[in-house]
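The same subunit A turns up in both complexes below, where it pairs with subunit B and then with subunit C.
== the complex of A and B ==
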């Protein structure tokens, strides 16, 4: 195994297990579609709330996608092969998260313009929402991968993972929705986006190392 | 190649799996780790490979301390465990290609042929039996150039043909100067193993 063959295999595996990606996407669409029906479908309410609605749906969809990230690898012995391959487990984690991120976030961005129309989000703000998703979701995936690695050997690890991970999602959601709100008020939003990018960079740097340590501990 | 294990002490919970265990693995040697279920055979292999904690003892590979230079050992070995990392969404050929990306298509098909999977090259692993999945993993043994093999119960779920093919491949590997550490209940008398007996 080498890094290239691993990434290719991971990508192919995600393509063949389409239901996982579709579940996250479907969940995202359903939350955004049903929310106005349950609260208030008027433009006066939805337009200011759109950023928050989109970001909460995004965070929950990402959680759905990352929860079982290592489960199959744990069950079929792939994680043992990672540990004995002589390759860097940290980099294998990075490649896995990268593949998952591409597979979940790209379709989500594709459907976002349509959903933004439903939420009366102005086109000028849509680009900021998309940018915030591009900059913020890597943090969600990388942080989520630590929780998934920590709980991979537990039979009912999903709840524990939520408890571990959700508090760490809060800053990302706050700064992302802050950027969207600033854009809606025609204020400067580059600061919030810069902080989002910084959080993602920190997560990208630290979380593969922490997830690799967690995997080693879980497989033991 | 010279793997030296000196005074190993491995603990699982409150129980000692082994204490003061010493042996060496040299070129052309087959080490059979024997013992009852739960005696710690798999844990011993995992401890050598570094993901089960050693309470005490020294591991040296070609004169270097393995705890300091783990990568050196990992680069030279092939490990096949109880669950050998076969992806059910991939075909037999794709699974093998994942682990042996440098091998040509002909070589991959040849290896699958050696484990009697020639007719299942393009069959998804999800549609194969447990024994056939294990054979996909074992096909790696026909493609690898690693000198040291760690095989954890490789005969599980194999039929007679599979066992014969694997024994022949192991014999060829030992003849060419390779070494094997294996956990199995098979005596493997024809391969004249050095036996390490663990007590449960």
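== the complex of A and C ==
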């Protein structure tokens, strides 16, 4: 096993499990549907709230997608193989999260224009929402992978992981929705996007280290 | 620099004996200062020219809020120590301090709400500081929850260290993001580095109650750590001797 073959194998197995990606997407659509039904279906409410609704749904569906990312590897012994392979566990985590991210975020961006229409989001703002998702979701995935690694050995770890990880998502949600709101008011939004990118970069460098420590502790 | 004190912390036995000398003293001295500070503040300090008597809750609210943040910072440092030097006492510290910090964050939220009603007219506003203390409280609950969920001691210690360290790295980001998002709260009243902005007779009782609460919490943490050390080292000879010498 080397890094390249690992990434390829991981990507293939994600492709074979299309249902998981589809579930994350359906969950995303479901959460978004709840807002017009539960609060107010009028364009007056939905248009200004759309950015926030989309981002809350994104955060939740990312958590659902990430939650079980090590489960199978833990059960079938692949994680033990990681430790004995002589490769850097930190980098393997990085590759795995990268594959997960591509698998969930790309389809999500594809359905986003449709949902934006349903939420009466102005076309001019849509690109900012997409950009914020592109820049902000890496942070969500990488931070989430720490929680997934910590709770992988628990049978019912999902709720615990939500409790651990969701507070850490708050800055990403604040800056992403801040950018969307600024774009809606036709103000400059590049600052918020820059901070989003910065948070993602920090998460990308530090989280695999933390996740690797957690995986070592979980497996032993 | 002399690092002996740090190396000594590697020995639970040394810590246990040190804490049995200092734990009680800290708790009682802290309680004394706390009572002096609170009585002084509630009964004798002058009323605020703007907020009247309702400002007096500051003598509880501010020390508790500051301590809630300090406890988490301490847990983060201990998490780092636990992961890097694998010191036995560091996870014990995190485990013992987390509930103390959670209670402090909770009291800060409640006393803040009680203070908010007469000054802002509502129990709760989605203001930066209130929100970040709420998040802090949730982070504490996360640490406590994962501690309870994992049965294996070694793994639980690692997990808790990771969670507290990640939380501490995130805490300033959360704090500033929320601050950027919304601010209604008055700026910090308590800065040691600057000359206090309130008159001396209002500030001194605050200093007393803050110091008292810190000492009290430190002593409490020492007591909790002592019992945790006894539990973890129950197979060691010195623990047997210690327990026997108390006539059990």
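Rule of thumb we're sticking to: the second predicted complex is superposed on the first by the 219 of 220 C-alpha atoms of A that agree within 3 Å, B and C clash if a C-alpha of one lies under 4 Å from a C-alpha of the other, contacts with A are read in each partner's own complex, and residues count from 1 in each chain.
By definition in this document, a residue touches a chain if its C-beta (ideal position, glycine included) is under 8 Å from a C-beta of that chain, and two chains touch if they have at least 3 such contacts.
As the structure is a prediction and not an experimental result, all values here were calculated from the model.
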So in the superposed three-chain picture, is A:206 touching just subunit B, just subunit C, both, or none of them (first/second/both/neither)? second
For A:85 in the superposed arrangement: first (subunit B), second (subunit C), both or neither? first
Would you sort A:9 into first (subunit B), second (subunit C), both or neither based on which partner it touches? first
Tell me which partner A:110 touches in the superposition: subunit B (first), subunit C (second), both or neither. neither
Given the touch rule stated above, what does A:39 touch, subunit B (first), subunit C (second), both, or neither? neither
What is the contact status of A:188 with respect to subunit B (first) and subunit C (second): first, second, both, or neither? neither
On subunit A, which stretch or stretches are contacted by subunit B in one complex as well as by subunit C in the other? 220
Which residues of subunit A touch subunit B in their complex? 1-2, 4-6, 9, 12-13, 16-17, 72, 75-78, 80-81, 83-86, 216, 219-220
Contact footprint of subunit A on subunit B as seen in their complex: 46, 49-53, 71, 74-75, 77, 79, 81-90, 94, 97-99, 101-102, 150
Residues of subunit A touching subunit C in the complex: 143, 146, 150-151, 153-154, 157, 160, 163-164, 166-168, 170-171, 174-175, 178, 199, 206-207, 210, 213-214, 217-218, 220
Quick check on the complex: what are the subunit C residues that touch subunit A? 83, 135, 138-139, 141-142, 145-146, 149-150, 154-155, 158-159, 162-163, 165-167, 169-170, 173-174, 177-178, 180-181
